[in-house]
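Down below are the structures I want you to see.
Shared chain: chain A. Partners: chain B in the first complex, chain C in the second.
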Partner chain A sequence: MLGSGVREAAAALRLGQLTPTELCQKSLSLIKETSFLNAYITVTEELALKQAAEADKRFQQGKPLGVLDGIPIAIKDNFSTKNIETTCASKMLKGYIPPYNATVVQRLFDQGAVLMGKTNLDEFAMGSGSTDGIFGPVRNPWSYSKQYREKRKHACPDGDENSDWLITGGSSGGSAASVSAGTCYVALGSDTGGSTRNPASHCGIVGLKPTYGLVSRHGLIPLVNSMDVPGILTKCVDDAATVLGVLAGHDPQDSTTIQDHFQPFTLPDVIDVTKLCVGIPKEYHAPGLSSEILALWSKAADLLENAGAKVVEVSMPNTCYSIVCYHVLCTAEVASNMARFDGLEYGHRADVKDSTEAMYSATRREGFNDVVRGRILSGNFFLLKQNYEKYFLKAQKVRRLIADDFVNVFRSGVDVLLTPTTLGDAAPYLEFIQEDNRTRSAQEDVFTQCANMAGVPAVTVPAGLSSRGLPLGLQFIGQAFCEQQLLSVAKWFEKQTDFCLLACHENGHIVKQQKITWSLRHGDLRAHLTSHQFIYIYALYAV
Partner chain B sequence: MAATFLHDGGRGCCRLLLQAGQPGQGVRRLLHAPAPWRTANCRHATGSLPWESVVGLEIHAQINSVSKLFSSSQVKFAAPPNSTVSFLDASLPGTLPTINRRCVEAAVMTGLALNCTINKKSLFDRKHYFYADLPAGYQITQQRLPIAVNGILTYRYQVGASWNEMATKCVRVKQVQLEQDSGKSLHDDAMHQTLIDLNRAGIALMEIVMEPDMTCGEEAAAAVRELQLILQTLATSHANMSEGQMRVDANISVHHPGEPYGVRTEVKNINSARFLAKAIDYEIKRQKEILDIGGTILNETRAFDYKLGVTIPMRDKEGKQDYRFMPEPNLPPLILYDTNSLPANMKADQVINIDLIKEKLPELPSVTRERLVEQYGILPEHSFTLVNEDGLQEYFEAVVKLSNVDPKKIIGWVIKDLLGHLRQQNLTIKQSMVTPSSLAELLTLLEKRVISSSAAKQVSAVQQGNLKVMNKLIGLVQKTTKGRADPVLVKTILEEKVLL
Partner chain C sequence: MMVARILTSQPKNQIGMWVQKAVTRCWRRAEVRRLLSSQSKVPQSPTWSIDADADPQEGGVSAEVIDHLERLALVDFRNQEGVERLARAIQFASQLHNVNTEGVQPLASVLEDRALYMRGDSVADGKCTELILANAKTVVEEYFVAPPGNIPLPPHQENLSQQ
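What follows is the complex of A and B.
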């Protein structure tokens, strides 16, 4: 059951084929079996069973709350959850228990969703690997696919299996891994420069960054307020649309959410792309783009064209400045947002009593990792009176130009843009950490952060497998508040890629890191989805 | 008089205005103090070249609102520590500010009353500094584009020794900006700890910036008193300085005529208009003396020690602060409308219409004074007393209405006799036992020559609780009846007549 999507699970719950508690227990046992992935910081077992029991009652009475009632979900550990520790994977917030729920969390709870746990991330969501948090790196479930293992063994026969695993991408790597490994149906991530789409792509799932202002940020512990958007990670595009319908809409507690009423939508099964105009921005042929992704990108464009869509090359001339400006604006807001962590009201406090200032500085030195401290330092530099105009103001102006690029392209008749999500497939951990966080973020966010700069929605959809047997995603970028169109195109594409499930059988053994073997078989394996001895994972045929 | 004067929070000047014509000792002492403000333009003519002084003000007025600027926690004076603190006020991670409509309306109304241009679009910024009572590490303020700009405040103050020598001056109001108040730190030196109370954190402030158009302490104090009166009339702030609802910082410098302004100092945390005048005049004198002996003025922040009557440098905040201003990303631009620009598709509760606020503006103190002078033929200085003293104007107008006596006659009774007696007993007009109708009755009797002026004064005094005067009244009756009345009966009748 856990291998399927929300709709199938919801239907099974309604038909009484299984109860929310059974589903929750399966999910919990799978979380335990895959704990080596380090996807969860906190597993909220007690709460999950309680919520599932409540859902049981509602189903017994024939009154489920909504489509998400009884559905296991996971939430990135930078969303405030009432009475549940919320750490941002930082020593600074270790032990911090918020007294309130983020609006998005509350909306999921109001629909009856069952919270399995809080997922791992880079400290304060600063990173693109999910490797830089105090709870250690997240491992990509694809590291353990038989297909990848065999190819890897062939490539480096001396490789140590224990250390030879892949990153998930980040910073919402825990959320991506939790969905990818089948431990939940839906996970919330956050997306500031690509933090939802990047790990979704590396883990072979769907990652949606909605339009800025469509989904409330109240309770999301901010990275960059002007770019942060709660992200949705699901197994398929339909599920992303379903969850968006629950989350989207005005929140009086977030002044940046739009006032207009949001009408939830479902995506049609038959989608006509003949009237669609797809833009291919030529500036996205970035240095370092893998030939595999380039080929996939090109194939996808052909696929759309062959189906009758108009595919045009477009120019977005300011794209190349985006990542640098992103860095300036990001660090400046980080410097500001992190100022509240002073050890007084909550979180870590250093045991220094010489003076308030000495306590501040020791608290912040102990509480933040090098990445966070580095960003605070550069952000404060950019905000100094003497630098403000030269850096911050200039970056803001260029941001406007980048946003204008999108406006112009969409005004010229383009409906959606098709781009890569990442430069290549997921890197092995040992390779990834050869470069520092900043370099990696600049590389990994190159295709994704433009959408955050402009505030427009974007979704990554699994599009194929690399030669190493790892998932590759492609990104569709839509017009502001045109999620329905964007997700319709994404769904059409998802169907064309002949998306199917591959089951991973572990021969009845309790899954342990060393023993795990994944047998990949093509074909519809829904028949096998009854036993929790199976762990399911997405893979797909190449386009 | 002097003692009452000292303890009066915001209204010290009113007393000064009222009493100066009379030989009040405390006032005398003040007038003869070596302060330089007795000359009209406040020039300081010591040394070879004269000095000119300039004073600018930054005034923080707490907005009179039910809840805070960006959160729903209550605004309460003297609430138990940390009892009115929302998650936002404590800066819990993930909380976001949402603006309080009432505070915006109050700022717009204040801006209009100060003849400002209201910016239809204004912006919020973050001003960063680390301080224990600033939990977010920044204050949300309006640095780039405030809600109101380019206003003017007209005020009048005494220029000569006599109270009818009043001068009218104007000070330009640079801007009115909305911002958050900070919490309060209590330093417990014995225990080596600092206690934080966040009740005040996040309360809405209007920062009102006045250009350096004032030249001395008395001008600044008069401008502040006028502002106070305006805010109280609008009910946009209680503006009580002793309760910290209004806080004034003064920027002061001296220069030779025709030369650029000198290096300025800032005097902070002054809690009454009277101390403001004293602090400024002290600071002008200090700067002048330093410059006269060839010294230099440091650009620094100083505090006023009201016990010693001097300004002293404040503890160094470790060099110059760079506040690293940044746009507040969680608050969209604040857009205001007028009737012409009002969007058709928006609900009334989602928009603020400047024109509607303009319609609600009450009569401002300066207009009231002009009207009083014109309508009742009273002296301008009397109009000041009437307006400055809470409730006195209403009292006066009630007496006028209830009697057929010339208002010019009534004003003397109200200000000299009634208010004078009340002052002596430390009472306000609202606590007066003499109602407007009884005073009206008394003055009508006087007007009809039923009673004499001195008798009326005695009655008035008795009514205010001065029973010693009763004997004088009995004496008067005996005199009139040539001793034929029974003194006991006279006393009973008088008590009935006068006290009831």
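What follows is the complex of A and C.
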């Protein structure tokens, strides 16, 4: 059951095939079995069981709250959760207990969703690997698929299995891993420059970044106020639409949410793409794009064309400067946002009593990692009086050019854009950490941050497997507030590719609830496969 | 092989298998067509290159600026590597100077054309002093406690020696 989507699980709960508590317990035991992935910072076992018991009662009375009632979810640890530690994977917020729920968290709770835990990330969501948080890196569940293992063994027989694992991408890597491994159905991430779509793509799941202003940021610990949006990670496009229906809409606590009424929608099963115009922005063939993704991208374009859609090459000439522009605007807003962490009201406080300034300075030195401090310092540099116009205002002007590129292509009659999500498949951890965080972010976010600059919605859909047996995603970018159209195209594409999620089997058969059978030996964080237990990915793509 | 095994264990999915096959056929056909035609709408080679000729002079940061930044940001560079990281960040950012932004207005928010929501000027919550103080390390009664104020940080060199 944990291998299926929200709709199937909700139907099973309604038919009484299982209870929310049973589902919750399965999820909890799976979280324990896969703890070596390091996807969760906090597992909220007690709360989950309590919420599940309440859902049990509602189902007994035949009055479930909504489609998410009794469904296990996970939340990135940069969303405030009442009475549950919220750390942002930073020493600065270790032990911080928010006194309120983020609006998106509250809306999920109001629907009866069962919170399994808070997921791991890069410190303050600054990164693209989920490797730079105080709780250590997140491991990509696909590292342990039989398919990848066998190919890897063949490629380098001397490889050390213990250190040979892949990054999840980031910064919402814990959320992506939790959904991918099947420990929950839905996870919330945040998306400032691609932090939801990047790990979704590397972990073979769906990642949606809604339009800026559609979903409340109240309670999301801010990174870049003008670009942050809560992101949705699910196993399929339908589920993303369902969750969006629950989260979207005006929030009086967030003045940047628009006041237009949002009508939740479901996606049709039969989707007509013949009236659709799909743009292929040529600048998205960036240097470093892997040949596999290029082939997949071409194939997807042809597929749409063969199905009757109009596919046109378009130009968005400022794309190549987008990542540079993002870098300046991001660090500048980070410099200002991180000013709130001073040790006085909450979070870490250094034991320095000489002066307020000395205490601030020591607190921040101890509380932030190199990446965060680096971004604060660069941001302050770009904001210096003598640099403000040269860098900050210049970047804001370039941002307008980038946003105008989107306005222009959509005005020319294009409905959605089809692009890659990442340059390649997930990198092995040891390879990924050879470069610094900024360089990696510039590579990993190259196709994703443009949508944040322009505020438009974008979704990554698993599209196939690389030669190493790892998931590859493609991205659709839509017009602002046109999520229904965007997700309809995404669903159509999802059906064509028929990529299958990571699912695990025992003895080559589906275990009743598609239980992942990873066993741990001596707690050495190694996925150990016994002769009776196999992990298979049924990646049916191009069987 | 796996497909067959999965589907036979779940007979109701027989239809699923046909759909599966059709879909796979469809996907394959697209591939064959793509191989046959060289008319793909996706450009087959990169359309831009990484700007390698960024001005190496750009990254230079004087000792005064370093000191000033540390005071403003209230974090320190810690070591030479931190300073170099800033230099590389500045070099990277300098690529922006290649863009012509003559007459372009800065874009601060993508919602610039909309009026932001303003709530009524009335108290909607409160009475949560204890909750708010609960996360502070040091409090006295209903106050956050800070060490003595208005004492400037010691000069940079002393700062370094303290560490």
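Assume the second predicted complex is superposed on the first by the 501 of 543 C-alpha atoms of A that agree within 3 Å, B and C clash if a C-alpha of one lies under 4 Å from a C-alpha of the other, contacts with A are read in each partner's own complex, and residues count from 1 in each chain.
The rule is short, and it goes like this: a residue touches a chain if its C-beta (ideal position, glycine included) is under 8 Å from a C-beta of that chain, and two chains touch if they have at least 3 such contacts.
As the structure is a computational prediction, the values presented were derived from the model and not from experiment.
When the two structures are aligned on the shared chain, A:Asp269 is found in touch with neither chain B nor chain C. For chain A, the partner that touches more of its residues is C, with chain B and chain C as the two candidates. Using the contact criterion defined above for the overlaid structures, shared-chain residue A:Asn380 touches chain B and also reaches chain C. Legend: residue contacts after superposition of the two complexes on their common chain; A:Ala332 is shown touching chain B, with no touch to chain C.
Of the two partner chains placed by superposition, only chain C is touched by A:Ala286; chain B is not.
In the superposed model, A:Leu220 lies in contact with chain B only, and not with chain C.
Judged by the touch definition given at the top, the superposed model places A:Glu313 against chain C, while chain B stays out of reach.
Legend: residue contacts after superposition of the two complexes on their common chain; A:Asp160 is shown touching neither chain B nor chain C. By the touch criterion defined above, A:Gln259 reaches both chain B and chain C. In the superposed model, A:Tyr388 lies in contact with chain B only, and not with chain C. Annotation: chain A residues 96, 99, 226, 252, 255-256, 259, 335, 342, 344-346, 353, 356-357, 360, 380, 384 touch chain B in one complex and chain C in the other.
Within the complex, the chain A residues that touch chain B are 79-80, 86, 88, 93, 96, 98-100, 102, 217-222, 224-226, 252-256, 259, 332-333, 335-336, 338-340, 342, 344-346, 353, 356-357, 360, 380, 383-385, 388, 392. Residues 2-3, 5-6, 9-10, 20, 23-24, 26-31, 33-34, 40-50, 61, 65, 68-70, 72-78, 82, 85-86, 88-90, 92-93, 95-99, 101, 104-111, 114, 116-119, 128, 131-132, 134-138, 144, 146-153 of chain C are the ones touching chain A in the complex. Contact residues of chain B toward chain A in the complex are 87, 90-99, 126, 128, 130, 132, 135-138, 192, 194, 196, 322-326, 329-332, 350. Contact residues on chain A toward chain C in their complex (touch as defined above): 96-97, 99, 212-213, 226, 250, 252, 255-259, 280, 282-283, 285-289, 294, 297-299, 301-303, 305-306, 311-313, 318-321, 324-325, 327-328, 331, 335, 342-347, 349, 352-361, 364-365, 368, 370, 373-374, 376-378, 380-382, 384, 390-391, 393-401, 403, 436, 438, 442, 454-455, 480, 495-498, 508-510, 536, 538, 540-543.
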